[in-house]
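In what follows, structures are represented as structure tokens.
What follows is chain A paired twice: with chain B in the first complex and chain C in the second.
Coming up: the complex of A and B.
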């Protein structure tokens, strides 16, 4: 569904992503792991079109989207819940969700989706008219995910959705991803919590220094202590 | 007493004019970080739009009003397409220099193709008439200007709160990339900001032109400076700040003019700017400015 081939992304002269290829098939959860600075955020940012690729090719849903800007990629159904959530801090929960649905014309469907996500995240219903900056980190993450879902993506990329959250909330986020998969959503999840991410994923990739250094079946990856030790170090529990 | 009321009405109208202009500067600055020093030329273009329309065919002076507003809006959109879009991701300095460039080109275009001399233009006569309330005489223009400004600001507030594009503009002022991740086109948000800034400048232009009765190629230079000072005073990039700064500046100017001893009034602008400087020492971010809050980016 998403095919990244030989992607190179540079910041000035520095290559942050070097010749990376990665695929996500329909209905899969794919985990993208790797230490700080490996280039994970850079890769997903390029995939969604907020960073230009210096070389390589991106295909989504059969179309070449290599040169497409983010606004058009998102409209096609590929979206990103960015690292650090980036909710619209000064806007209310309601307005955040409204903006999430900006590409849609079906008002009735949008209202239905809002109802659905308020049921899925009751806390957002309670805080519906509050500005987003008054939400806790975990609540903001729920809002960020709900906001992404409002565009009805076919493939959702989540960049470190559990970053900085309490264990209980982290667990909740992983349960949420399992639920979303059941509803037919395909996901690419960037994570530091390697074991948990591989626990819900079908396949995994490990990046280090801008390159993919391992790819494989998620279940096998969790069981391979050497691998986890070698590439993820502190990421293993 | 009558004198006081007249001066207050006058002060509010001058403050309104600055607020309209400052708001236009601020809305563009808040979204793309550009201090559009060519904003004054929107007033000039509005003036020449009336002038050209009158030269061709203008059956009613009423039509001067929509023509001025439309002219300024189109000019703002054109500036963005032709000049500012190309340098959108460049540095602040590049932006300021480009804006000065646009300003010089527009001024000289009118010098070359029309004339350096002022040209008279007609706006509806009722705008220049007096309203009599008892023994009190008040210029209609000043009252209308204040009312129009209040309505325009309220309308803008509704737009920014109730429409998707308005919400997107507010969000883009803090985090443009996140707005694009909603599938919202950057070009549309920026175009909307320029169109609004042109609309507000067009409104202000109508009043500026009725006051002066004439137009010239450099008529935008002083108003844009005042608007910039108003923005800085209120807090650069803050829309509420632009309104508060504009009104404060206008009121201060008029009241100093009215109540200072005659020998000192020639130093009015120096006194105003000194006052602004003192405010900025106390509030470096402006009256309503705050340090940028970027939300929960780092967790």
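Coming up: the complex of A and C.
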């Protein structure tokens, strides 16, 4: 469904992503793992069209989207939930959700979706008119995910959804991803929390220093202690 | 609720108050006070115009007064009587010395021309945000001033143009202010306005949502330039004479103080800021001449108005960076008070039972 081939992304002279190829098939959950600074966020930002790629090719749903701007990529059904719960802190929960549907024109459908996600995340309904900065970290992450879903994605890329959240909330986020997969959503999950991510994923990629250093079956990756130690560092278990 | 209807309802309160105020002045005030009121409504149109860009993009613009000048010069060059033009600007380029159109088509053409210049400059501006964009707007102000001041064949430079038909009066300025408030509120509440405000808060997240940031910035820039242009036309057609210095730093700082003091992210804030600064500068101006108060003669203090504006900006930036109203519109304040009242009532109910 999403095919990245030989992607290079540069910040000035520095190549943050070097010759990376990655695919996500329909209905899959794919985990993209790796330490800080490996280029994971850069890669997904380039995939959605926020950052320009210096070389390589991006295909989504059979179309070449390498040079398309984010607004057209999102409209096609490829959406990114950015790192660090980037909700619009000064805007209300209602406005945040509406903004998720920025590329959609069907007002009735948008209203229906808002109702649906308020049922799915009751806490957002309670806080509907409050500004987003008054929400807790976990609530903000729920809002960020709900906001991304408002664009009706076919493939959702989640960048570090568990970052800085309490273990109980992290668990809920991963349960949510399993539910979303059941509803037919394809996902690419960027995580440092390797074990949890591989627990729900079908396949995994490991990036280090801007390159993919390993790809494989998620279940096998969890079992391979050497691999986990080598690329994701000690303390993973 | 339908956007037009909702904006209409929300705009009734500020527009109503301003119309009442203007009507009272028309009915009872001295000619001098009518002139002050005219300046207030004209500056309100310009400040609201500036708010459309600054408030939604979060980018401070020093350049909007250029559009005031562009439309003022455009309308003047089209409406000054031909006989007068022959002596004022005999060598005007583009055969302008032989062109004369009625006031209404002249206003339309002037606004179209302003929109064109805004669109062209906006094509550059929309690609950058933050400090780079702010420096670009400053450059625009300087460039336009140099053109007004140095293209003697066209503008007569510092010697100023006169003979512009004086057709405007206080009711026109009031009507323009009402339209400007409505347009600004409509844009703020529209999908595009919301998306633009979101992008000014968090550019990356807005882009990830597929917000077309560049085209929205361009839209805000052109709409705000046209509103400021309306202010320029109000200026030229009231005074009948214009010169380059009216469209430079002094006017820029006056308008910026108005927008910043009230809260640049809110249309209502701009109205409040414009009112306070207008009253304040008028007071400062009367003090400049050393009036007699309670029998004692005060010293003359020329330049007090500028000092006043500077002080207001410094105090505002130090004490209340978001301006008096911050993000809130009048209707938000009303709604919050109502919510607090119901909450208090509910709490009281719980306590009683």
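Please note the rule applied: the second predicted complex is superposed on the first by the 235 of 237 C-alpha atoms of A that agree within 3 Å, B and C clash if a C-alpha of one lies under 4 Å from a C-alpha of the other, contacts with A are read in each partner's own complex, and residues count from 1 in each chain.
Note that in this section contacts are C-beta pairs under 8 Å (C-beta built on N, C-alpha and C of every residue); 3 or more make two chains touch, one makes a residue touch a chain.
Small disclaimer: the values here were computed from a predicted structure and weren't measured.
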Exercise. Given the superposition on chain A, are chain B and chain C in a clash or a fit?
Worked result: clash
Exercise. Now for A:202: first (chain B), second (chain C), both, or neither, which partner does it touch?
Worked result: neither
Exercise. Between chain B (first) and chain C (second), which, if any, makes contact with A:3: first, second, both or neither?
Worked result: neither
Exercise. If you stack the two complexes on chain A, which partner ends up touching A:215: first (chain B), second (chain C), both, or neither?
Worked result: neither
For this session: Classify the contacts of A:164 with the two partner chains as first (chain B alone), second (chain C alone), both, or neither.
Result: first
Problem set entry | Overlap of chain C and chain B interfaces on chain A (superposed complexes) | 48, 50, 69-72, 74-75, 79-80, 82, 86-91, 95, 98-100, 102-103, 147-148, 151
Exercise. In their complex, what parts of chain B are in touch with chain A?
Worked result: 164, 167-168, 170-171, 174-175, 177-186, 293-299
Exercise. Tell me, which parts of chain A touch chain B in their complex?
Worked result: 48, 50, 69-72, 74-75, 79-80, 82, 84-91, 95, 98-100, 102-103, 132-133, 137, 140, 147-148, 151, 163-165
For this session: Would you pull the chain A residues touching chain C in the complex into a rising list?
Result: 45, 48, 50, 69-75, 79-82, 86-91, 95, 98-100, 102-103, 147-148, 151
For this session: Note which residues of chain C are touching chain A in the complex, please.
Result: 191, 194-195, 197-198, 201-202, 204-212, 327
